[in-house]
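Below are two complexes that have subunit A in common, paired first with subunit B and then with subunit C.
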Partner chain A sequence: MFNKLFGTIALSNISRRKQLVAIVSICIIISIFLFVLVWGTLDATKAGLKLNQERHGADVVVYPLESKLDDSGILYSGVAQSVYMPSSILDEIDNEYVDSITTQYFLQTLPGGGCCSTELELRLVGIDWDTDFLVKPWIKDKIDTLKDGEIIAGCNVDIEGLVSLTILNYPMTIISSLEPTGSFLDDSVVCNIGLLRNLAKINFPENPDPFSSITCAMVRLDKNASIDTYLDSIIGISANVISVTDLQIKLQNEIGMFSTILTLLLAVIMILCVIAISSQFYMMIHMRIKEVGYLRSIGMTRSQLFRMFIMEFGLIGLSSGFFGSLIGMALIGPMINWVRSNLTMPVSVVDIKFMLIHLLLGIVITLMLCLISTIIPLIITNRLSPHEMITKGEL
Partner chain B sequence: MVINTQYGHIEIDHVSKYFVDPFGNKVLTVNDVTIDIKPGEFVCLMGPSGCGKTTLLRTIAGLLKADEGTIHLDNDLIEKPGPERGLVFQNPELFKWMSVEENVAFGLKARGVYKEQKDDVQKFIDLVGLKGFEKTLPHHLSGGMQQRAAFARALINRPKVLLLDEPFGALDAFTRTALQNRLVDLWKRFGMTCVMVTHDVEEAVVLATKIVVMSSRPATVIDIVENDLSYPRDRNSMHAIELKKQILEQLHSGEFSDEETYSDGIE
Partner chain C sequence: MFELTIEKVTKQYSGNDYQAVKSCDMKIKSGDFISIQGESGSGKSSLLLMMSGLLPPTSGRVLWNGESIYDMSDNALSIWRSKNVGYLFQNVQLVQALTVRENMLLSRSFGNDPTLDIEALITLFGLEDEANKLPSLLSGGQRRRAMIACVLSRDPLIVCADEPTNDLDSVWASKIMAILNDLKKKDKAIVLVTHDSRWITDDQIQYVMENGELNQA
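After this line comes the complex of A and B, so read on.
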C-alpha cells in the first residue's frame, strides 16, 4: 500500500510549500556550489603539481639574475621574459654531478597580425631538441626531431584548423601540440633554438646576441648526486638558481596548508548547512503533523513514512545540488585561471571528465547532506504515535 | 436492508489502557473493558466527556495499543492501523489542497487500486450527496459537506469496520440530523460494522443497534443496551424516549463520585 503514492505526495508537498522549499534550496545551492568550486580548484592544483612533479625533468633551473619573477614564477608562470644570460654560464654549472643540461631561448610574445599570418598571440620558445628533457615528455605525438620550420603548440594555443603559420615572416609547420603542463609552456609555441636565434637576430637586433644567449638552463643531475651538494658546488655563479624539488615540496606544503584550511572551512559550511536544512525539514514535517497522523491512521507504516519524506527531501536536495554543482563547475575554469595567473601555482587543465567527476561529487555530497538533515526530524516525528499526531498541528 | 454476518466481528477482551501524565504518573483511562461487537452491528459508545470512550475507539483503530487485553477483528489481532478499519473524526481532516474528488480517491491511490476502481470515486461522491462538488476544495464547503466527503473517503475503501469519533459533534442540529439519516443509509447499504463515539443520547438511540454505556474515567462498561427499534427511527416515539431515559439514568449512576465532585470543597 502507498508505494505508488510516494512520488505524488512528495511532489504535491513540494509545490505547496514553495517558500520553505526555496529557503532549503538556496542553502543547498550555495553550500554545494562552494564545495564544488573549492574542491575542484584544490583538485586541479594538486593534480597540476603532481603532473609537474612527474614530468618536470629538471632538478635545478638556472635563469638570469635580472629576471623580475620569483622562483615559482619562473617554473610555473605563464609570463615569459625577454631577459637573457650568456651561454658561457653553462660552463659554470656543468660538473661531475650533472647528468644533462638543456637550454631554452625565449624570444617574444608576439601580438599576432603584422608579423605573422595569424592574429593569435604567440609566445616563442626555442629548445635544443637533442638535449631537451623538459618539453619532450609533454608532446602528444611521437616525434623524432624538431627541424627548422617546425613548431609544437602549447595546449592553450588555438591552432584549430591550422596546419602552418608564418611567424616573423618565416613559414612554420605545426607538427604537434603539447599536453597540458600547468606551466608557461601551455601558452607557448616551441621551435628549434637555432631557428629562433636566427629570427631573433634578424627581427630583434637590439637584443643581446642570440647565439651566445639563453633564457634558462635546465639541469638534470646524476641519480646519485645530491641536490644540496650540487647547489653548493655552483655557489657564486652569476645567475639565479632554484631547486625544482625544493620548490615543489614548498608548493606542496603550501597547497597542503591551503587545502587543510579550505577543507575545514568547507566542513564548517556543510555543518551549518545541515543545521539549517535540518531545521527547515523539521518545520516542513511539523507543519504536516496531522496529515502524517492521518496517513498513519489509514495504515502507512513508519518505514513508508520515512521513505516518503526521504523521497520528498531527496527531490529537493537533488535538484538544488545539481544546480549548485553546475554553477560551481561553470566557475571552476575562471577560478583555475585566476589561481594560475595570480598565485603562480601549477594547475591541471579542466576537461569533461574532471567536470563530470565533480558534478557527481557535488550531487553525492548533496544527498548525504539531505539524508543527515532528514534523520533527526524524522526520529522526532516517528516517536509520536498516530494518536498524538492527529491531536496536534494543522492538516 | 443488507445484513452482514460475515465480517467486522470485533472482540474487545479485558482491555485496559494507561496514559502517563506530565508528572510521570500512570493514569488509568480504560479499565478492563470487554465488549463483543457482532458483524454488521451499529454500536455506540456512550459516556460522559473524558471518560475514555475515544481512547477505546482509537485502540480499536490501532492508533493506540492496549496495555492489557486484546482486540481482535475477525480473529486477527489489532496492533496497528489498517485500511479495513475506516476512520471518521469529529473534524473532517480532509487534505486542504486536494479537491473533494482527490480526497475521496486518496484511499484508492494509497492502496494502488485507483485505475481499477476509479469509477467508485464518482459513485461515492454521489452517494454522500456531493454531486457537482467534485472539483471543489474543502475550504469552500460547509462543515456538513466536508464531513460527507470524509465519509466518502472512508467508505470508498469498503472497510469492514467504520469507526466514528463524534462525527457530528461540530455540526448544527439540522445538519446533524440530515447526516445521521445519511449515515444510517450508508450503513444499511454497505453492512459494515459501525462503532461510534458520542455523548448525545438521542443520537445513540436513533442510530445504534447496541449502546454501550460507559462510566466516567476510568471507562468501564456499565451496561450494554440492545436497541431493536426498526429503521427509520422516530426519535420522539415512546420507545425511543424510554430508552433515552434508561440510558441517562445509567449514565448518572456511573458519573462522578461525591468525592470527585466535592474534592475542591465546592458544593
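After this line comes the complex of A and C, so read on.
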C-alpha cells in the first residue's frame, strides 16, 4: 500500500511540475549522453589496443618511404594507398635475428568505377599464404589454402550476407571472415597475393611492376633476438621501419593521457550536473515543503521520506538516463569511426554486448547521480522540524 | 492507559525576545477532554505543537508514560507521533497529489489499526461523493472534514485539535465536536484549542492561556 501510494504521489507530482522536470531531464540526458559517448569511445580504444597487443603477430613492420601515412596509420587505419617498394628490400631486412618474414601487397577498389559489385571502397590485402603468420591465426573457419578467387573479410568490412562479389572485374567468393584483430586487417579484405598482383597489372598499369613490388613486410623476430638489436642491424635501409611494441607503448601512453583528461572533464561535468539537479530537486521539495511537514507530522520517518523522493526523482532520472544512454549508444559508432580514421588508433569492435554494458553503465551512473542529488536537498530539508516545514510552506 | 505530562515547558522562537509559552505544566490521561482557550497569539498552538512532538520546546520536558519524547531519536519520535498523536492543524493539511480516500489510506498505514474501516469514516464525515476527488477540488469545509477523517484513520490515542471547527458550517461544526467527544468513550484523550467558547462544556478540563501562561479555569 505504502509503495503504491508513494508511486501515485511520485507520478502525480511529475505530471504537475512539467517545467522543472523538463529542466532536470535535459541536465541528465546531456550528462549521461556525454558520459556514455566518452566512456564508450575510451573503452573501445583501450580494448582495441589490448586486442592489438595480444594479436599482432609481427614485431617489426617495414613499409615504403613514400607512404603518406604515419606509423599508427599504417598499422591501424583502413586507409588504402598505392605506394610500393621493391621486393629486393627483403634481402636487406632478412638476417640472423629474423624468425620469419611475410609480405603483403595492397590494392584498393574504386567505388563507382564499375569494376566491382559493391560500392564500398575496399582495401584488398594480398597475403602470401605459405609464409603468412599474421592473418592465419584469426581466420574464423579452418582453411588449408587461399585459392585465387577466394577472399576473407575483416570483421569491420560491411559485406555481411554476401557470398560472392566481383572485385576489379574478377569474381570472388567469401570463404570466411576474420576475428577482430585491432589492426588494419579489421577494415581489409584478404586474398591471395598472386591474384592481386595479376589484378593490379590489368587494372592499374601505371603502378610499378606488381610482381617485383610489395606494400609492406611483416617481420617476426627470433625468440632470443632483441628488437633494438635488430633495428640497429637494418639501419640505413631504403624503407620505413616500425617497432610494433614501441608503437603500442606510445599509443598506450597517449590513450592513458587522453583517458585522464577526459575522465577529469567528465568528473567536472558530473559535479556541475549534480549541483544543477540538486538545486532543481531542492526547488521541487521546497515547493511541497508544507506537504512534507504534514507527512512528517503523521509519522513519516526521514528514511520513508527519502524513499518517497528517491522513487519520484528516480523515475525522472531513470527515464532521462535511459534516453541519454540511448543517444550516446547511437552516436558511439560514428564517434569510434571518427577516432579510427582521424586519430588512427586501434579500436575494438562495438557489438551488442559492448552496447548493453555501456547502456547499463549509463543507467547505473544516472541512479548514482539522482541518489547524490536527492540526498543533498533532503539533508537540508530534514534539518527543519515538521512545524517549521509547515510554517515555511505558508509564507 | 497512558499519560502525557508537560513539565515546565517554555518556547521562545529564534529572533523573538519574548517567550511564546512560559513554564507550562499539564497532565493528559486517557479519557480526558481538555480545552485550552485564549486569545490569538497567546501561545495555545505552540503548546499544542510541543505536546504533539512537532515542535521541540526551548526548555522543559514532554513525558510519555515517563519517557521524554524529545530525547527519543528522530525515527522513534516519528513512530511515536504516528501511533499516538493525531494533530488537526489550524490550516488544512493534505497530500495534494492523492485523493481523499488515498489520503486516508496513507494516513491509516501509519496508524494503529491497518484494518480500520475507511469507508465507515468516509460516511461518518459525509465524504461519499468527494472520496475520489483531489483536495484541490473540494470546498473549505469538505477539506476540513477530510483532514479530520485522515487523522482519525490513524486511530491515535490523543487528538490535538487546533481550532477544528474553522471553515465548517454550524451543523458540521456541531457534528465534528460530537465525534471528538465520542472519542472519550474509547479511552482516547482530546486536547481542544479554541477561542470559540461555544465548544467549551463543563465536563471538560478547562485551561486558559494568556500571554504564554497556562492556568486552569
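By definition in this document, the second predicted complex is superposed on the first by the 371 of 395 C-alpha atoms of A that agree within 3 Å, B and C clash if a C-alpha of one lies under 4 Å from a C-alpha of the other, contacts with A are read in each partner's own complex, and residues count from 1 in each chain.
Here is the rule we go by: a contact is a pair of C-beta atoms (placed from the backbone, for glycine too) under 8 Å apart; a residue touches a chain by one contact, two chains touch by 3 or more.
Since the model is a prediction, treat every value here as computed from it, not as a measurement.
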Request  = Assess the superposed three-chain arrangement around subunit A: do subunit B and subunit C clash, or do they fit?
outcome  = clash
Message = On the A-aligned overlay, A:163 touches which partner chain: subunit B = first, subunit C = second, or both, or neither?
response = neither
Query = For A:299, is the partner it touches subunit B (first), subunit C (second), both, or none of the two (neither)?
reply = both
Key: Partner chain in contact with A:291 - subunit B first, subunit C second, else both or neither   = both
Query = Does the superposition put A:352 against subunit B (first), subunit C (second), both, or neither?
reply = neither
Ask   = In the superposed arrangement, what residues of subunit A touch both subunit B and subunit C?
value = 1-2, 5, 8, 12, 16, 290-291, 294, 296-301, 385-387, 390
Note = Listed in rising order, subunit C residues that touch subunit A in their complex are 49, 52, 54-56, 74-75, 78-79, 81-83, 87, 89, 91, 93-98, 102, 105-107, 109-111, 150-151, 154
Query = So in the complex, which bits of subunit A are touching subunit C?
reply = 1-2, 5, 8-9, 12-13, 16, 288, 290-291, 293-303, 385-387, 390, 394
Task = Can you check the complex and tell me which residues of subunit B touch subunit A?
result = 58, 61, 63-64, 80-83, 87, 89, 93-97, 107, 109-112, 157
Inquiry  = Help me check something: in the complex, which residues belonging to subunit A touch subunit B?
reply    = 1-5, 8, 12, 16, 290-291, 294, 296-301, 385-387, 390, 395
